[in-house]
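By written order: A, B, C and D. Residues from 1 in each chain.
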Amino acid sequence: MNLFELARQLFDAQPFSRFLGAELTRADADGVTLSLPIVDHHTQQHGYVHGGVISYLADNALTFAGGLALGGDAVTSEFKLNYLKPAKGSRLEARAEAKGAGRRQAVCLCEIYAIEGGEATLCALAQGTIVALVK
Amino acid sequence: MNLFELARQLFDAQPFSRFLGAELTRADADGVTLSLPIVDHHTQQHGYVHGGVISYLADNALTFAGGLALGGDAVTSEFKLNYLKPAKGSRLEARAEAKGAGRRQAVCLCEIYAIEGGEATLCALAQGTIVALVK
Amino acid sequence: MNLFELARQLFDAQPFSRFLGAELTRADADGVTLSLPIVDHHTQQHGYVHGGVISYLADNALTFAGGLALGGDAVTSEFKLNYLKPAKGSRLEARAEAKGAGRRQAVCLCEIYAIEGGEATLCALAQGTIVALVK
Amino acid sequence: MNLFELARQLFDAQPFSRFLGAELTRADADGVTLSLPIVDHHTQQHGYVHGGVISYLADNALTFAGGLALGGDAVTSEFKLNYLKPAKGSRLEARAEAKGAGRRQAVCLCEIYAIEGGEATLCALAQGTIVALVK
């Protein structure tokens, strides 16, 4: 099984990710991409995607980018998220990559885009620390 | 209508909060409390509550604590979250308060607890900036 | 030698802390306090204390609070800082405490006050992760 | 006077930046670079550059990158910093850029490198919010 399949297997074993409808669409040496079709129950009181949906994507994309860099299952220890623009459209996409990794932890960045009609708008930026699970 | 009822009305108008099953259980001069019964579809691959559920609670509790301090509808501009312990139990509770507020923005703290059998364990800590929506 | 003396010895071995004029004035079971007399070369272009001075205090107070909780020398792995008010006065004081600690890392909070004429104004809030140095 | 000269003038009006020996070496459409020769009084107890020096550079580079994006004097509202590697060498360099900007605030990223013998090592990553000063 290749890297992408391993990551996807782990991702698909997350009940919360299935509940939201998220999908891992890329996992390679450069990082990962998560994709989430936007539906009505993802929104807040003003009709935009709820910040909690975006923070879920950020947290999870960071975890998988860190896990890839660390070579195994990992968890997010902490992260920070800036919202840049209200998110709406047909789909969210979170792209994360490791900027540095030691033996036990990786520091990763994540960009979250809202996709509408082929156009991607940067909606949020995240930075966090991912820690390897000790086997 | 009093403060708590106003906040609750706004909270209940969030489709994503209803989708997750969260409830605003307190909104007073000292801040807010959100409560979320833990169910299977909130978990990640190891059976604990998914970090994305916790980040949703943090984001939203910070927003409402900031909105109270600013006296109106508000959004989270940014926040930072540290996970302290894996979360499991019957319920999560997020307690947030404003530590400082100007006319346009408030800086708030949030503690997220996992409740099991009457015992509350601190699972995560968040700090963020809430910005008033210009009417 | 007691806890406070040990922490102070470590603190006083930091050339940068001496260069700025900072002092560790408390280290006990509840956390630490750093104090810094404000002088002209601590300021930015508007006459207030430079954010970099405040971030130094936050970083260092978090480190020492974490080190106390972890029982040994430690370093700041990451932190986040919100500036609440412009800082001026005779002295800055940073008070930090651990909110949770495992065997290898602690999550700590820090409040930074500007002191003027006996009155303390909360100027900044920080939250960070402190990691034990492996001996 | 061009953009770089304006930024440099503002930078050189910061007593704390002069006290540390920092210099603004680039300010253009892509962001800014700050440079700081490392001297003994910048270090902590283990001989590496103190985290407070790095956090000063991050804070200040973010401010100037945000100010450029916002078109005027600005302050850092908040930032988050991850330390990746202990910093040593002859010089630190902080490179910051705006990732998104509205009328009143910009979200910026900053990379801090330690330079030794022509080689640059990424030592820290920061992300923060810069707010325009209302004139």
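In this section, contacts are C-beta pairs under 8 Å (C-beta built on N, C-alpha and C of every residue); 3 or more make two chains touch, one makes a residue touch a chain.
All values reported here derive from a predicted model rather than from experimental measurement.
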Higher-contact pair (C-beta pairs counted), A-B versus B-D: A-B
Of all other chains, the one whose Cα centre sits farthest from chain C: A
Distance between the centres, which are taken as Cα means, of chain C and chain B, whole angstrom: 28
Centre distance in Å when chain B and chain D are each reduced to the mean of their C-alpha atoms: 33
Averaged-CA centre spacing for the pair chain B and chain A, given as whole angstrom: 21
Multi-chain contact sites of chain A, meaning residues that touch two or more partners: 77-78, 80, 82, 107, 129
Residue numbers on chain B that touch chain C, as the complex places them: 80, 82, 84-85, 99-100, 107, 109, 122, 125, 127, 129
Complex contact set, residues of chain A against chain C: 77-78, 80, 105, 107, 129
Residue numbers on chain C that touch chain D, as the complex places them: 10, 13-20, 40-45, 50-53, 55-60, 63, 73, 75-83
